[in-house]
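Labels run A, B, C and D following the written order; every chain starts at residue 1.
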């Protein structure tokens, strides 16, 4: 029997070594593998290269990983945010390397890694600083720059549900980088609200087939859902609204 | 109000001019836009370049279009089949041009056209006749050949259902080339069993978003389905089984 | 000289977007355009984090952290919406499938070059997000901006001094003073608001401008 | 010398495929391998026309024209299956996500080159399908073939004379006489069936073969 489910997040992130390249899914709170990131902080791997759209917010999650000097380099499209003070400080101090990639090139480079494409010509960024030094070519009258795949040793993905074969379904815009990152990592680790029985996901609706997934861990239903239905009562970070009268635990 | 539905297949294929490049979806009977192909035969456009996985079977559909000398060139991966006598004859007589493309390169080149990629390096075909004369490059120790996008003026796609915005859902392996072809044509025409009300397709399950679709036409439910449920009783071409006692009309 | 409000400018842009268009409204001020799209007309909004058919902000208490726009604000999904992943979403843009994209700008050059991601200030932390993809990501790229910076410099320039976001990508610039088309011969004043004149705009921008104010609307 | 039947060869290949593998069985004879996969073990079959979790042929009368394999035969989908489009499916192969691919061959060279799509006969209509994608599309590429052609020529060769499908792509060749690994030093006989010997196989193939029959099973 194939069973990719693991008991807890510590087991899910076991074996990530120092020096690994780790993709982390999510765009904002949507699709962010919150519990897996916390487990990675706990786990201890350092000298990491992180691939994410951003470079951490506030003092939690990815920012906390950065604050512990566990990240050597970050590949992302948008590090600077109002609350990205941890990254900002490290960057200004020269303690972290940044590879800035336009968001669509980032997604496409990750897809290329998953799909076995050696390199591709993209129009995005041509004529800008971010294409400087790259190979350029005019094709059919349009100018393109050559971009290479971004691969990872591990991917940490947040999704809605999965079965024991690792077939994954996302929810709304939480899908974002999940499917391409899952395809581009040697070991893909997915956290879901719930692991469902094999056969209960309609094969037409599988977004990430299990072939791309190595470990699946259930972390419980997110606060804004109840039995799979949206109930709200949270802010954008998923924290309870002040007036909602809920208990406020994470 | 956006309404991409058209009344009949003749309206759906209206305006395809002589000399057009036309992608035709489908792999075997699955996803084959049978009624749209018949309408194209009726419509009369000639000097066409056809992009399809195959080059027609028997004497119907694409083969019938070929038999009427309406196709100048075909871009496909597998023209030679046991019943591809129409293509075979034209090819041997030098009356049709063939661009043979490995199936995965075909799909990826079509995707590249839809996704604005200028060209890409693929490992498929390297060292074979089909990569001769193409630009080669070794990247990270592996050899690749450079492939260019395949665009079309029109795409004819067969699918299960759509709404008036052109959001499309396929069925099983009938999905095949539909999504990439829909993205790579200036005008994408989709035939479906049924047009459903806007909002009745779960946004999580839309496979081809309406942005890629220009015209949608309902052609009635396929014989092996009844009210959307599979009932069988047909052969691989969708024709009634001899012993099934059905009426045998198309 | 007359300047129109940001809201009026958003309404002005909205009036130029035909029914049935697929539109990306970028981040910040351009998102205001959504509020002025004509009632009862169907215009389909794209957000590059994976949604077509984006609807307005949710009711209080109905914020869904899984359903946000590219500015990481809570949104809703209309009937007819579709979700997709990032590579598909940016493929949609790069592949030229969007009709209109509305963006902010630091500078736009008379050749249609756009600078909107970095002021190039030393020590600034660079961040580009989807700006470069958006800049090349639509059949028509509209810029929404004040004509002048807070210090009175023209944002329409002969050549951008700030780092570029995209080359020759801007179709039209909607400012608080006037609407400018980017043409092969430089900026053409398409519409001057209130008491603005082509001569006055030439003075403000320091550029030679084409007078297209009496041109046919397209 | 002993030759084993095609069914026995299919069973022999099936025995080498571990549980949990993602496997593509090509077209023709290799599809027989599906019939011999161990009962009760989960091995996930891929068909490049867009399905993972392919099941056996349907019952009579239950043929579904929408549900076929790459050989355009009717199949079924198991619980746990997933559908996807052609670009995603071939991305899966090209990206190296399949564990095993089993293919037929006209010739395999001692360097692992595969020829299986064209005999290069003049006047023949070329057709490649997914052959070249399959040849490079798995971590292990197994070939299933008779050792000799009908005219007695060895299909294992020093260098392919037929047009290539892929270069250096074959991992192992399962023939009716023996199982051969492709190594940096040429073919190694991993297992000789019945009364076949390395010396006898050398004679049949005309190649210098490495004797690996006493090597540890992996």
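Operating definition for what follows: a residue touches a chain if its C-beta (ideal position, glycine included) is under 8 Å from a C-beta of that chain, and two chains touch if they have at least 3 such contacts.
This one's a predicted model, so the numbers in the text were calculated from it and none came from an experiment.
Visitor: Return the chains common to the contact lists of chain C and chain D.
Guide: A, B
Visitor: How short can a chain-to-chain path be from chain A to chain D, counted in steps between touching chains?
Guide: 1
Visitor: For the chain pairs B-C and B-D, which is connected through the larger number of C-beta pairs in contact?
Guide: Between B-C and B-D, contacts are more numerous in B-D.
Visitor: From the C-alpha centre of chain B to that of chain C, how far is it in Å?
Guide: 36
Visitor: Suppose each chain is reduced to the average of its Cα coordinates; what separation in Å results between chain A and chain C?
Guide: 29
Visitor: Name the residues of chain B that each touch 2 or more other chains.
Guide: 108, 111, 115-117, 122-123, 170-172, 203-204
Visitor: Which residues belonging to chain C are in contact with no fewer than two other chains?
Guide: In chain C, 51, 77, 83-84, 87, 90-91, 93-94 touch at least two other chains.
Visitor: Could you list each pair of chains that touch, in label order?
Guide: Between chains, contact exists in these pairs: A-B, A-C, A-D, B-C, B-D.
Visitor: So in the complex, the part of chain D that touches chain B is made up of which residues?
Guide: Within the complex, chain D contacts chain B at residues 47-51, 58, 61-68, 72-74, 77, 83-87, 89-91, 93-94, 113, 118, 123-133, 136-137, 163-167.
Visitor: Which residues, counting only chain C, touch chain B once they are in their complex?
Guide: Per the stated touch rule, the residues are 19-20, 22, 42, 44, 46, 51-53, 77, 79-84, 87, 90-98.
Visitor: Could you pull out which chain B residues touch chain A in their complex?
Guide: It is residues 108, 112, 115-123, 137, 139-140, 142, 144, 148, 169-172, 203-205 of chain B that touch chain A.
Visitor: In their complex, what parts of chain B are in touch with chain C?
Guide: Result: residues 1-2, 111, 113-117, 163, 165, 167, 183, 198-199, 201, 203-204, 206, 209-212 of chain B touch chain C.
Visitor: Please give the residue numbers of chain B that touch chain D in the complex, ascending.
Guide: 27-31, 53, 77-81, 84, 87-88, 91-92, 98, 100-108, 110-111, 122-130, 143, 170-180, 207, 222, 224, 230, 232-238, 241, 244
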